[in-house]
Amino acid sequence: MTQTGTPVDAPPSAEGGAAPKRAAPDDRRQKWRSRRYRWDAKFSPYAFISPFFLFFGAFGLFPLLYTAWASLHRVELTAPTDMEWAGLHNYTRLLEDDFFWNSLWVTFTLAVLSTVPQLLMAMGLAHLLNYKMRAASLFRVAMLAPYATSVAAATLVFAMLYGRDYGMINWFFGLFGVDEIDWKSGSWTSKLAISTIVIWRWTGYNTLIYLAAMQAVPQDLYESASLDGASRWKQFRYVTIPSLRPTILFTVVVSTIGSVQLFGEPLLFEEGAGASGGADHQFQTLGLYLYEQGWRNLHLGRAAAIAWVMFLILVVIGIVFGLISRRLRKS
Amino acid sequence: MALLTKAAWEMDRKDPGKRRRRGPKAGEAGGQQHAGKLTYAVLLLFTAISLFPLIWTAVAASRTNERLAETPPPMWFGGNLFSNMETAWSDANMGLALFNTTIVAGSIAAGTVLFGTLAGFAFAKLRFRFKNMLMLLVIGTMMVPPQLSVVPLYMAIAKLEWIDQLQSVILPFIVSAFGVFFMRQYLIQALPTELIEAARVDGASSVRVIWHVVFPAARPAMAVLGMLTFVMAWNEFFWPIIALTQENPTVQVALTSLGRGYIPDQSVIMAGALLGTLPLLLLLLLFGRQIVGGIMHGAVKG
Amino acid sequence: MRSYRTTRRAVGLLAAAVLGTGLLSACASDDDDGGSDTDSGDGGGGKTTITMGLFGTFGFKEAGLYKEYEKLNPDIKIKEDVIERNENYYPALLNHLTSNSGLADVQAVEVANIAEVVDTQADRFMDLGKVEGVSEDAFLDWKWQQATADDGKTIGLGTDVGPMAICYRKDHFEEAGLPTDREEVAKLWEGDWEKFLDAGRDFKENGPEGVAWVDSADAVYDGAIASSEGKYYNEDGDVIYKESPDVAAAWDIAAAAAEEKLTGNLQQFTKQWDQAMSNGDFATISCPAWMLGYIQEKGGSKSEGKWDVARSPMPGNWGGSFLGVPESGDNKDEAAKLVAWLTAPEQQAKLFAERGNFPSAPPAYDMDAVKTATNPYFGDAPIGELFSASAQEIPVQTIGPKDQIIDQNIGNGLQLIEQGKEDPDGAWDEAVNAADNALDQ
């Protein structure tokens, strides 16, 4: 494979100098070629996107529609094909379902607790990494190590570190006379603990994204700012941040989607809690509640309705961010 | 005829052909000042925090179950690392699991990159009917909670008699909306539209354009997407646990069998987790700079 | 420039690796097909492989029973596929059953799920009552009935049962001034769970600092409910747990234990519980026969000789499982033979001797392996005699399809008291609320 900036091995020019005697077949060929060209231009876009939509249709759309259909029925995991029409009952009941509202609240608080510090820290670290320094790539690679760790492995380790009686974190606090904290059963402590897992795994990744964006900020902006006597902080505040707006928006969107779907960490954080998210459902996210209804309580119809509500929430979030980004682009 | 020109290649109205900086080094000029001691200190602290849980996994994996239940917790390596790894390896069918996971993650990464680039290119640079609507659909699919499709998917896989076969965990993930979106965002900027036009004027077919223009231009982003997808696919556990059994497991499936028995031996579980993570860490160690460069390269407006 | 070239090379390598593995995958899955065909087909000169789908610890392999069977039947090879927790195993099993795929030749079912499986999945299992060599008389009657549908089809054969006892730490008892001899200890709480709490109050007063009387309120509840006839369903299959006097009594005992902080606020089968066991952080634990194995493995050498086992306040049953053979299996006849053999009294007796899982087959109780069995880890306690006596007095409990879910939510409620988040009344309301929500389709 040669590295080609421009494709130059174009056959038409080579054939252009062919003998004029074979004008007639050449003409036909020309016609054929232009028809082929037309067809190619018209249909190739569809050819390019078709593999995606083919697979998506088979493995994404079909399940999606099936779940939509199932959410309108009473249907149990013990017999997933026996459906009894229930109309919108599975949706309307969610309005009065304390556990649903609880999981919505948990999802929201966990999203805030994990996203905000994570992105702020990433921003700060990116700023630091943007200085000229030694061992820059070492820092960068080390920061990606958590990203390469699976949710399962990470949660396993953190669950041990947060152990009540013999965990390292309580032992460490104990050195300063702090009493044992029951991380997993407290309403806020459990949320804090889970959000640290998320923060740990994703901060490095986001740092690199910010760093990249920072390095794309034109140098002369800083130069003219410092000529105007702007302090470092002011440069950061009035030059760096505004230039990073689209990137910030992107990371916020991705992190938000991720936190609304948060599932593996709370599921594995306390192995005895199953999908209940603790005795008080203190860390039962929407994803976990969905899972409990479908896979523990075996109510597929109800689980499907929760899944669709989750989906709609994300769509609304998507639209909101879309509007924000449009506004940003205009200004 | 007018229709033909209209249907042809889209002019990119935004900054056409604006060259992007290349290579992980290029950006360094952006940093204005040299780092101070405090900067190093903060970065070192953060690096330590990033690595500590991993190192402690290794420490826990090198101890006995009983020692892990004592205070103060162990802070340094014990002598059982290899015996615990051996137990994990033989109890959990690790050899097959690592092999399978390489295949699964590799295929998913290859599929996501290939199909993502094709579709991303079409959405970025070509003009066709329903384009915006289809793009919205792609973005919409990113919002679908993964737990949603498990039951119908399982029923479909069962009909096809794919249970316990690797394609059951490969095919449902072989395309990703994120991949399409990612490649589109990249190609809008990185692929000069004149380049495509020049090739078309020369009479190159779409396949040729893809091969000689799009792929070379997209290569850095393809590499990043491949890496990201590989890591994600490697660590996927929710669906594989349902579709596969211990007979033919991926790493994450195999790990679930370590906790079984009277003695869910924590140190063995940790050793297993370490075994399952090591290949990725190795990859990171070998290609770390490339991956970092790639993420940063592809990210700017990603 | 240099770094750019390395990038390219890295990418090339990666692409090659990825493409290579993609190709390999095609071959590998073909191989799998071929492999499983020769494996699962009967004839053809190859061995027949029987797969066992299990959860937790059945101990067949550890007790050498597979090896023995393979020796008796040279054409058979046995493999097991174990998922640690039943709560993960059971939904997967349902999924496999309803889609008729991914099933092992033999599938285990826990007693908390057996009623639901009998109710909804009976068509998908073989009638093991008709298999040669299987005799209804060889099993405890209630155990047999639990896995038998209304039409008389028996879809699972009992493996073990969980006759109750109480395990206790002699060293902690001694420190608290309580008796340590197992007969005297049993007398402390004979016939009444309330007396068990009294002893606990005494222990809390005089016992060692930082040691709880019992591991968890949930386990006290499980122990207490195990000795009553009523549970969550009535004979007609209606859910009555809210009105059941048996449930209320068991709840009150457990709630009192939680409220008075007699429990260690531990949840069973978690790391914290393991660690507490390893460090001897509680003095007693509800001890169905299968629990002995847990204690022994978790306690390790550190606790050797410190545990003993005494009769529980009232005889009862906690846990136990069944083995069933899915109708769709390729080797179902061979699998049924294996199940019949594994659950026969002789093998159950062997399993008890090796692993402590108590037989559901009364003929085994008279065999020496059971009758004279003692356990050195528990101070040579005569466990055979002790559990046989308990097993024969187990009340016939009415079980129902959603026992497990109700159990879980009641357990959650008790935890709320232990964690100091609710008083017993409030916790009961929470538990009922959650259980009703979980039951409602």
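Side notes on the structure shown:
To keep things simple, chains are lettered A, B and C as they appear, and every chain counts its residues starting from 1.
To be clear about the criterion, a residue touches a chain if its C-beta (ideal position, glycine included) is under 8 Å from a C-beta of that chain, and two chains touch if they have at least 3 such contacts.
Because the structure is a prediction, the values reported are computed rather than measured.
For chain pairs B-C and A-C, the one joined by more C-beta pairs in contact is B-C. Of all chains, C has its CA centroid at the greatest distance from the CA centroid of chain A. Once the centre of each chain is set as its mean CA position, chain A and chain B turn out to be 12 Å apart.
Averaged C-alpha coordinates give centres for chain A and chain C that are 39 Å from one another. The residues of chain B that reach two or more other chains are 24, 68-70, 111, 151, 155, 259, 266, 289, listed in rising order.
Contact with two or more other chains is made by residues 3, 77, 80, 160, 166, 271 of chain A.
Each of the following residues of chain C touches two or more other chains: 8, 85, 95, 99, 271, 275, 279. Residues of chain C touching chain A in their complex: 8, 85, 87, 91, 94-95, 98-99, 116, 120-121, 265, 267-273, 275-276, 279, 281, 405, 408, 412-413, 415-416, 419, 421, 430, 433-434, 437-441.
Of all the residues in chain A, the ones that touch chain C in their complex are 3, 74, 76-81, 97-99, 159-160, 163-166, 182, 185, 270-274, 276, 279-281, 292, 295-299, 301-302.
Interface of chain B with chain A (complex): residues 4, 7-9, 21, 24, 26-36, 39-40, 42-43, 46-47, 49-51, 53-54, 56-57, 60, 68-73, 111, 114-116, 118-119, 121-123, 126-128, 131, 134, 138-153, 155-156, 171-175, 177, 180, 195, 198-200, 202-206, 208-210, 212-213, 216, 231, 234-235, 237-238, 252, 255, 259, 266, 269-270, 273-274, 276-277, 280-281, 283-285, 288-289, 291-292, 295-297, 299-302. The touching residues of chain C, when paired with chain B in their complex, are 3-4, 6-8, 10-11, 14-15, 17-22, 24-25, 28-29, 32-33, 51, 53, 56-57, 79, 81-85, 88, 92, 95-96, 99-102, 104, 271, 274-275, 278-279, 293-294, 296-298, 300, 302.
By the touch criterion stated above, chain B contacts chain C in their complex at residues 22-25, 65-66, 68-70, 100, 102-104, 106-107, 109-111, 113, 151, 154-155, 157-159, 161, 163-167, 170, 219-220, 222-223, 226-227, 230, 241-243, 245-248, 256-257, 259-264, 266, 287, 289-290, 293-294.
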